[in-house]
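Next come the structures, one after another.
Presented sequentially are two complexes of chain A, the first with chain B as partner and the second with chain C.
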Partner chain A sequence: MKRLLQLGRAQPLAAVCLLIIACYAGLALFGELTYRWHEWRDTTPAYQQQDISRQYQPPSRDHWMGTDGLGRDVFLRLVQGTRIAFHVGIVTSCIAIPIGVLFGLLAGYFGGRIDDFIVWLYSTFAAIPGLLFILAIAMVAGKGLTGVYLGIGLTTWVGICRLVRAETMKHRERAYVQAARVLGFSAPRILARHILPNILHIVIVTFTLRFPASIGTEVFMSFLGLGVQGEPSWGLMLNSARTRLWQGVWWEMAFVTLAVFLLVLAFNVLGDRLRDALDPRLRDGGGPERN
Partner chain B sequence: MTTASFVEVDDLQVVFRRGRQRVTALDGISLSIARGEAVGIVGESGSGKTTLARVLLGLEHATRGRAAVEGRSVADWLKRDRAAYRRRVQMVFQDPYGSLNPRLAVGEALAEVLRVHGLAPRAGERAAVAALLAAVGLDAAYAGRYPHEFSGGQRQRIGIARALATRPEVLIADEPVSALDVSVQAQVLNLLKDLQRERGLTLLLIAHDLAAVRYVCDRVVVMHRGRIVEQGPAEQVLQAPSHPYTQALLAAVPEV
Partner chain C sequence: MMRFVLRRLLQMAPTVLGVIVVTFVLFNFVGGSPARMKLGDKASPQALEEFDEQRGYNKPLFWGSRAPTRALADTDFAQQAGAWGTLPGAAWQDGVLRVSAASTWAPPFAFPLRPDSAYTWSVRWRVAGESAWAQTELSVARGDAAGAVLREWVGGRELELASISLRRVMDRPWDSQFVFYLRQLARLDFGVSSSANVPVIDLLREGIGPTLALAFPILLLETALSIALGLWSAYFRGRWPDRVLVLGAVVLMSVNYLVWIVAGQYLLAYRLGWFPVWGFESWAYLALPICIGAFSGLGSGVRFYRTILLDELYREYVRTAHAKGLGRGRVLFVHVLRNAMVPIITQVVLSIPFLYTGSLLLESFFGIPGLGYLSVNAINDSDVDVVRAIVVLGSVLYLAANLLADLCYAWVDPRVKLS
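Let's turn to the complex of A and B:
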């Protein structure tokens, strides 16, 4: 708490971004709980209740963000969309980051043939246009969230892998790693206990930057009809909002766009600030003082 | 070569390849060091001192010739008895800022060495760490602190403690004081000298500071461009150098 206050004073923008992300996370958690509760009780949640007599109502006191074409409350659906977005961000990170970090560490530390193979592997992945690849995986894995998770997760480890590889190569030559080798530590120990903690800031920054990117990709996939089925994701909402936009039904489109925009912006600004704060080379007055 | 030689280097050559360029770092040097002897290796930067240390530590491979400890080549040690060799031969690094992992508390770093080599029972770990810190003149209460909380001299003491943790027989110190303030250099050298005497360490002190070498070592080896140009008892070499390079090296030392 004290550190948060310090952060607020030193980096007001980063603190605001963190606050925004925390609000979204709260909404996502709330969405998750309502979803689970209705699933458990086997009832229809409010965000799925259709009522044609209430369709296309502009924002009002009853429906803060209006209603959609089937008379469903846009705000409640937006909250559920947040839930899906966080699922996508977290699950794809859980797939991409371990792969990228592991391959990056191995390639950077051992070099030689292992490095050649991993560089070949990620160059091959990187050579295939990203969205095409994601769509192909989603087609194979089937429509729905599994396809989205695998598609995004298996294609976005390349960037992390490159960064971790380069940083590991640098740290391998540092005296503390040489010391660890001379002390007879095993390679897994050196990688896990000595190098990884010293390059962790890269992983954290990458996480905050790839989180919004994966959300954006999910929105796009769902918009194309390859993503989420049945659940209200932001992409699906944008797709359905499109049909009546020209008749002046602006609210669904506007609020969903705003929600995506704000979250992506907050994550990106936070990622930028984190990089500034955590990268030792950029830290002002950083580095140990001599003697 | 005498039969008493503990560390032996025979016609050692190391050639680095940088693209098409070939750099000869060590050009066929032979050297014999007895158990418990303190030998200083002096020479300007680029003379091959550090490469020699790296070969003995197995961080660099010989292009020709061999380096041996206790009659077995380094390559053989590392292939068959890696852990035993790592315990036997330890190193103190030049840069006390870079040679400690910034994310590990000092006590943790020392305990890790003991754990990896199975040198202290779990229950006795804290006491063993305290003893190591005490051996280099540091308070046991420092165990919980991180490297950046220490001064350069203190860090170098920690580096020495870490090397001592494996109870080595051979200690290679690569410019251990050149990154330190002049005021703390003498303290660290004193510590090295005392430890060498007390524990009967075979010490290889690599330095360009001739005074440091004279103070700590029995014997001096002068290197120049990958070759040994002169060697002998410290007093003799530094008082009456026979090789012109040693004379030039001595002449370059400012009078204090």
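Let's turn to the complex of A and C:
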């Protein structure tokens, strides 16, 4: 608590961003619990309740953000959409970061054939146009969240792998690693206990910067119909809102946009601050790939 | 120069091979049956086989002398009787298929076997009542479309079958899906689109024009604006124009690409009527997508160029140039820009393939019949050949852009030697 207050004083902007992200994370958790609760009780959650007589109502006291084409409350669906966004951000990171870190460590530490192979592997992945690769994997994996997870997770490990490899190469020659080697420690132990803690800042910064990127990609994919089916997601909401925008139904579009924007902005600003604080040398090149 | 290009091309070969292997593994191996993906679960085995035959999917993956056939599904009678359940004179019970001595029967083929191929049966069987199982392979000669070999082999015996499968014998074991794919690529034949039923290369040829017409102006506009704003921002480092721009860049970066498109189309084209809303008839139709595309990339562009230009602005040659009385414009735009050319070229050239995917949404929203529009439709239709061709083409484009960047370095920076 005390450290948080210190952070607030030293870096007010970063603290605000952290607060915003924490709020969203709370909403995501709430959404997850709601989902599980209704699944367990086998009831229709409030965000799925349809009422055709109430379709396309502008924001009012009953429906803070209006209602959509099936009379569902936009606010509730928006909150529920946070759940999918966090799922995507976390699961894809859990796929991409371990792959990238492991390959990066191996390539950087052992060099030689292993390095050649890993460099070849990531050059190959880097050569394939990102978004198209993601969509192709999702197409092969089938519609649904699994496709989104695999598509984003299996293509975005390249950036972190490069950074970890370069950093490990530097650390390999440092005295503390040499000392560990002289003491006869095994390579896995040196990598896991000695080098990994020293390059953890790369992982943290990459995580904060790839989180918003993966959310943006999910919005994209759901929008194209490759993503979530059935559950409210921001991409699906944007897609349904888009068609009615022309008739003046602005609220769904506007609020979803705002929600995505605020979360992505908070992550981007926080990521920048973290990068500056933890390792200024990582400026540019450490960021997620652009769409 | 020539030697440099040749050596670089040679270095690119493993990556190209990697891309080919990755696309092959993704579409031929991981994805299951492209025929089923395209035609659905209800398609007849004959239709699936024809689809596979046209695209080489009915061959072994990498190497092998046996290939599966859709004429008859492999049946393990411990689990189900499959098509064999309807065979006259045969009964399926207790996980075995009993074939009575009296029955004269033909295997339940979904369609006649190919007359040009030999096949082989693999049967696990025993004489009714005995306990030991035997495994037998039976070769089927070319032209035996009715499965006579099996009928003769069963003869008048009463048998119990545990499992049965049919394989096509490949004359040349190298006649595989992978070799088929390589040969296709070598001929620049990207296969046939399964939804439009025309060669993919024709679709690519039609799509490349509109895509270039959209992507190149975006690249030019985005680069020019980003460099100008990045220079402006770097010049006023730490003062308010810089702060506003840096903050603005993060804000721009955080807005989803979709929102730019939807909002731009709705406000500028529909409400204000400044631009046509949808279609591709004249240059006017491209104006709005170009602006949106350039604008959406501005955030990251400004940040990138600001960083690299800041590196240059505090070098000694800049101070010297100022000191000898050169104007601010000349120093910034001639001296600084020229020296920052290497990272600028890297950024510009490497963003070419991203343009190609960035226009995915722009094209489908504005109805521009380019490669992006093509790929979105192909993904929705599970048109594997088209998606694969675009992925391969995009990767080759990226590698070519890399080579181009290397050549440009030597052109802008005389210190770089091509050797």
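The definition used in the following text is that the second predicted complex is superposed on the first by the 279 of 291 C-alpha atoms of A that agree within 3 Å, B and C clash if a C-alpha of one lies under 4 Å from a C-alpha of the other, contacts with A are read in each partner's own complex, and residues count from 1 in each chain.
Basically, contacts are C-beta pairs under 8 Å (C-beta built on N, C-alpha and C of every residue); 3 or more make two chains touch, one makes a residue touch a chain.
Every value quoted in this text rests on a predicted model; they were computed, and no experiment measured them.
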When both partners are placed on the shared chain, which of chain B and chain C touches more of chain A: C
Which of chain B and chain C A:182 touches, first, second, both or neither: first
Partner chain in contact with A:193 - chain B first, chain C second, else both or neither: first
Chain B versus chain C as contact partner of A:9, first or second or both or neither: neither
First, second, both or neither for A:128, with chain B first and chain C second: second
Partner chain in contact with A:174 - chain B first, chain C second, else both or neither: first
Partner chain in contact with A:61 - chain B first, chain C second, else both or neither: neither
Partner chain in contact with A:113 - chain B first, chain C second, else both or neither: neither
Those residues of chain A which chain B touches in one complex and chain C touches in the other: 290-291
For the chain B and chain A complex, residues of the former touching the latter: 57, 59, 82-83, 85-87, 90-91, 93-95, 97-104, 112-113, 116-117, 147-148, 151-153, 159, 162, 166, 180-181, 184
Residues of chain C that touch chain A when the two form their complex: 14-15, 18-19, 21-23, 26-27, 30-31, 37, 250-251, 253-259, 262-263, 266, 270, 297, 300, 303-304, 307-308, 351, 353-354, 356-358, 360-361, 375-376, 379-380, 382, 387-388, 390-391, 394-395, 398-399
Touching residues (chain side chain A, partner chain B) in the complex: 174-176, 178-186, 189, 193-194, 197-198, 288, 290-291
Chain C-touching residues of chain A, taken from the complex the two chains share: 120-121, 123-133, 135-137, 139-140, 212, 216, 219-220, 223-226, 235, 238, 242, 245-246, 253, 257, 260-261, 264-265, 268-269, 272, 283-284, 287, 289-291
